[in-house]
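Below, each structure is written out as structure tokens.
Next come two complexes built around chain A: one with chain B, the other with chain C.
Entry: the complex of A and B
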């Protein structure tokens, strides 16, 4: 049975895609990329089918099981992230492909496609890895690929942003690796499942967790370690920004969540959880405020990512030392927030990219009159904005509702305040964009027109961010498979 | 029957699909768009009437599915919901006709009619929502779909109005969300059913319930323009006339008032709300708003702003009726939900007609308008007399029931409020009527159009006359079946008197 298991293909296919992309001439790269997409979908659907039929799958690569070999773990959470990656990546790829078709050639962005496929491979290996060293490898690969993607345009600004990003990524991985070394020295195992029993609750485990957490929150750009994010995400190509904001920053958070759930509650203490929650609250407020103050459209969207990451960190105080009900609600809420933010933010970045292309200017103030000429892209932007504001009927709203319920159930009303104020702040910056685009200023009637496929890709992502709010039940049920919050919520 | 479980959703979806279709049509396809929009409005009205007849026969129409564990999405046709849904669909049809005439040759019509339909979809969703969660869903959607209408003209003034509108409504929405979420934590999914869940709670939680009630009323009070949360309404007057009509008569303010009715009757239950001592403060707040709105209306020189403050005052009659403990007061409040809608939309249509035909915006420019535009002026007069409460017009029916209801509830002071408010209504409407009918025209009209027509463009005139006739009929034929009064009594009988 293990021969037929499609699990490793989730990593092999994108790696193969990356290699092939390097080898073929530049003008074939786009076509090759689009040809591999259906294969990715097939593998993704096959793996999801396996989960539905047989439950959680553990796959030992080459037949060597832990602690010696590399194991892949496919529980609901992991496969949910895989499916999300395939979906977001496909639409970003369509956007990038039709942009390339519009320009007629790839120009300076020839390395886009190989790097994109490496990114998918790195992401999938992180979602599926079940030991902390493999997670490190994935993390390092992901960081380097992401830096490459940011540097792609080659402008001075992009290179500066990429350098900063590189520094943050390396520092983060280093901290994480130190933690891994400490845990391995203490317990002799790297498997996530063993950490709780082997690492114990001693000082070593605490220092290790502190180091790893520090490294991971630096990579996730949690306030106040977020300074590298806005130039990197705000300056990259639109589909790259979309992938970075939607998936890449989530990868390090994902590892952090796995770690916290694996470790002994004496190590992952309530005080530490509250500290993470407080930083998250800071991110929500500071990120929202900074987003509102931006004059460039894509920087506004980038700061919005800083803010939205903050919500995800409320997970830690809401599950640590609280009742099962509150914990289950927080689990559901955080995952739904993660999914809907990924969809909405990717949609918003693509839409912002289209608007910038249409305006021929990165400034929000130049949006005046665009509501008449590019209504579809503006509509997608607004739709994604609804989800980010957490207004119904959107994924962002349902997620916020779950987090609110969790906070109220566990009596931590201060997180309720953060959720509500954060929503109002995001409304302020989203409507700032809409307000500028509704201005019927001095008549300007020349706007560039991006191809329809680019507008539709943005719309599809934004609409998916809305739809997941109304159809939240089934993805959440799936992602509970094999989780500590397995039954009910 | 399977159809009955889908009908509420279909009714909401008709205007949702209309919106999508309109967004997809190109800007220049005016005729096709109008035909599409009007047929959607007619189909919706037909379906609502169908459900209304069914509801009288105790047929259950309910769409329900589980959104996430413990939270359901419920659309259900009960008498109260049908009442509001009926008002929305009738007025959607007329306002669409009016807007087609009003926006002839204006830019961005596709956007306008798209969001207009979306706005009606949300209103009907609010009407048919079967639990507090679904209500909140559509309540916020309404905010989002009305914003593009408020800023439609794209001028600095309308953008500022939009900003103020958002600040109020999103703030209110946040407080409402807090209240809804807190209530959900206490009792689980809050279905609308005469306060079944709350009465049985531990009395130690009663102070908590009072706080939740205050939060809910604050959140809803923003849209219902309760004192001191009414500030957005007069500024939002810069929007085009059909939008003002819709905002004031149907969608926004009514959504707030309707929500308050739901909270008092179907979430807390009127008896339980009475026991908690929540009704008297609500009545005082409503009365204060009634008087304040009328006083401010007196001071306005702009016709639309005077009407706006009059709305602030009139919507609180609904809240006042809700706060009176007893069936008669309830009837008075509920019937005003419909009456105010019909009368106020007529008045706003007329204001729009004066502005479009003669370029008149200020009240002192109206001198002699009755001769130039007799039909519009008759409609305006009917609306104004109705608001004052001259028998046998609709407003009189409301005030009569409210007065008797107040006496039954032992709140005699409310009668004084009603009398005083009627005097104030007369004081701000009669001078307008005097100018229209009895003063000669002073100067040439500021900006005259439609010279060929005796009154104004038929697309503008017909809806005006239709709603005026309906508000007249609502009063004169109050005793007939299917009149607003009849329907309000059905609601009270079916839902609140066991």
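Entry: the complex of A and C
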């Protein structure tokens, strides 16, 4: 066991940032946040450097090892998510900071910064946890922070969305906790690494997996348990929506993937995997259809998240009971899909926020004429849309290509149909927005102009979603370190 | 049946009652109380099932302590949002349930 010093700092720094942010006067919070960002980057880069130099790292907090203590595990997957979190969070923070500079400070928006830092701490603790109970605590911390962020504006709509989100999150984490109780009773261990051998393949492990999966898909908003997501993501502030869609829903999916790979194949059966895949297909179709029908811009983007989550669940049927090659392709494709969706969707939410700010109305119909006044934000929206549709050379395209190959390789051609129809539906809703923007409807020649930094943050995220398609090989090679699919395998 | 297993079964009953209330009731306060009952039930399962036939075990006790802290925090947050929602809208149910 190597003792890697920087690893716990991934959680300590944002936690410290959150505490400090609460304590300092409100007008310093933005500056404090921007000052902690470079520290976050230093720690992230140091940990990535350690991974490159020494491979997978295990850190026992306080020197207490597995059964009693809390262990942090930094493999390629975990650190890939950490790096993604730092990148997306930084750009969202820049967006929020320049918005605050523009609007001045008002009321409870001041709590935005402490909550944002808590969100990063919770996310990092989930990525790095190696035992199922610590994952539960991370999940709860994440859920409570996210609900706080949704409720932040204090409007009736936001409060109702937050309450609905909280009820779903609480029910989801209780289901997960019951699963933890059953697994601990069956095996006497909480470590993820022990689950496969200790929990065995008995009925207890199956019930536990069913409960945990149910709780986690409720939190991931997989169709048909997605009803809480659109109002929560569509009604929040733009940087909050971006973080929720890009990272928060991925956290519960990440736990599900970890669990699924850790448990015995007799427990995580092909039938259950196919059910998850079918729900994912339902999400792609229903989410895409509902996105196309929305009249509010941010709700359209939120329903698009419901659809895109569906693709990620195709991972389960493609990896369970198939050949190593098909499994490896599905692993790469799913992770690339996750990364490119995180970048593109964060970019799209920030761009949508800018457009809403510019037109002073949440409706898509009011976009008419905006193409001449806010071309940069509209361009970012379209660029992110290209990645969501899966056109080359975006990250979304490469991801879908890998998933498609995996489906053909394992002889499950029906998932290919889902990928293609899903792409067409995404094209339909993205072009709906663009069509309204280029229509010269009622002659309107005044739009508010958001600060340049807000437009550039959206553009940077959308461009990163595009770029990850061109340079997919190196992040994917990194994320295979320590995975069941090995390096280059 | 050992006493530990008995507690686990009581936990299962509490969980079922809580879930029933959570799904059945529309009033947010009742749903919150139902959630708390469900939480207590799952804590009893966690402690009872793990100690059945294996004697006292400190790990589940520590887990439940953590779980109680989490449950109190979530209940507090839910109460704040509930009160604020009541003040803004005058309703004690979610808009789709009214």
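In this text, the second predicted complex is superposed on the first by the 481 of 489 C-alpha atoms of A that agree within 3 Å, B and C clash if a C-alpha of one lies under 4 Å from a C-alpha of the other, contacts with A are read in each partner's own complex, and residues count from 1 in each chain.
Just so we're on the same page, a contact is a pair of C-beta atoms (placed from the backbone, for glycine too) under 8 Å apart; a residue touches a chain by one contact, two chains touch by 3 or more.
Only a predicted model underlies this, so the values are computations on that prediction, with no experimental measurement involved.
Q: Which partner does A:476 contact after superposing on A: first (chain B), second (chain C), both, neither?
A: first
Q: According to the stated criteria, A:379 is in contact with first (chain B), second (chain C), both, or neither; which is it?
A: first
Q: Quick one: classify A:151 as touching chain B (first), chain C (second), both or neither.
A: In the superposed model, A:151 contacts chain C only, not chain B.
Q: Between chain B and chain C, whom does A:427 touch in the aligned arrangement: first, second, both, or neither?
A: After superposing on A, A:427 lies in contact with chain B but is clear of chain C.
Q: Scan A:188 for contacts with chain B and chain C and give back first, second, both or neither.
A: After superposition on chain A, A:188 lies in contact with chain C alone.
Q: After the superposition on A, what does A:401 contact: first (chain B), second (chain C), both or neither?
A: Touch partner of A:401: chain B, not chain C.
Q: If you stack the two complexes on chain A, which partner ends up touching A:19: first (chain B), second (chain C), both, or neither?
A: After superposition on chain A, A:19 lies in contact with neither partner.
Q: Find the residues of chain A that appear in the contact set with chain B and again in the contact set with chain C.
A: None.
Q: Touching chain A in the complex: which residues of chain B?
A: For chain B paired with chain A, touching residues are 23, 66-71, 73, 107-108, 110-111, 136-138, 140-141, 143-144, 147-148, 151, 153-155, 159, 162-163, 166, 170-171, 173-174, 177-178, 181-182, 184-185.
Q: Going by the contact rule at the top, pick out the chain A residues touching chain C in the complex.
A: Of all residues in chain A, those touching chain C are 67-68, 133, 136-137, 140, 143-144, 147-148, 151, 154-156, 159-160, 162-164, 166-167, 170-171, 174, 177-178, 180-182, 184-185, 188, 190.
Q: What does chain C use to touch chain A in their complex?
A: Contact set of chain C toward chain A: 15, 22, 28, 31, 35, 38-39, 42, 45-46, 49-50, 52, 54, 59-60, 63, 66-67, 70, 73-74, 77-78, 81-82, 84-85, 88-89, 94-95.
Q: Please name which positions on chain A make contact with chain B in the complex.
A: On the chain A side, the touching residues are 332, 371-372, 375, 379, 386, 391-393, 397-398, 401-402, 404-405, 408-409, 416, 420, 423-424, 427, 431, 434-435, 438-440, 470, 472-473, 476, 488-489.
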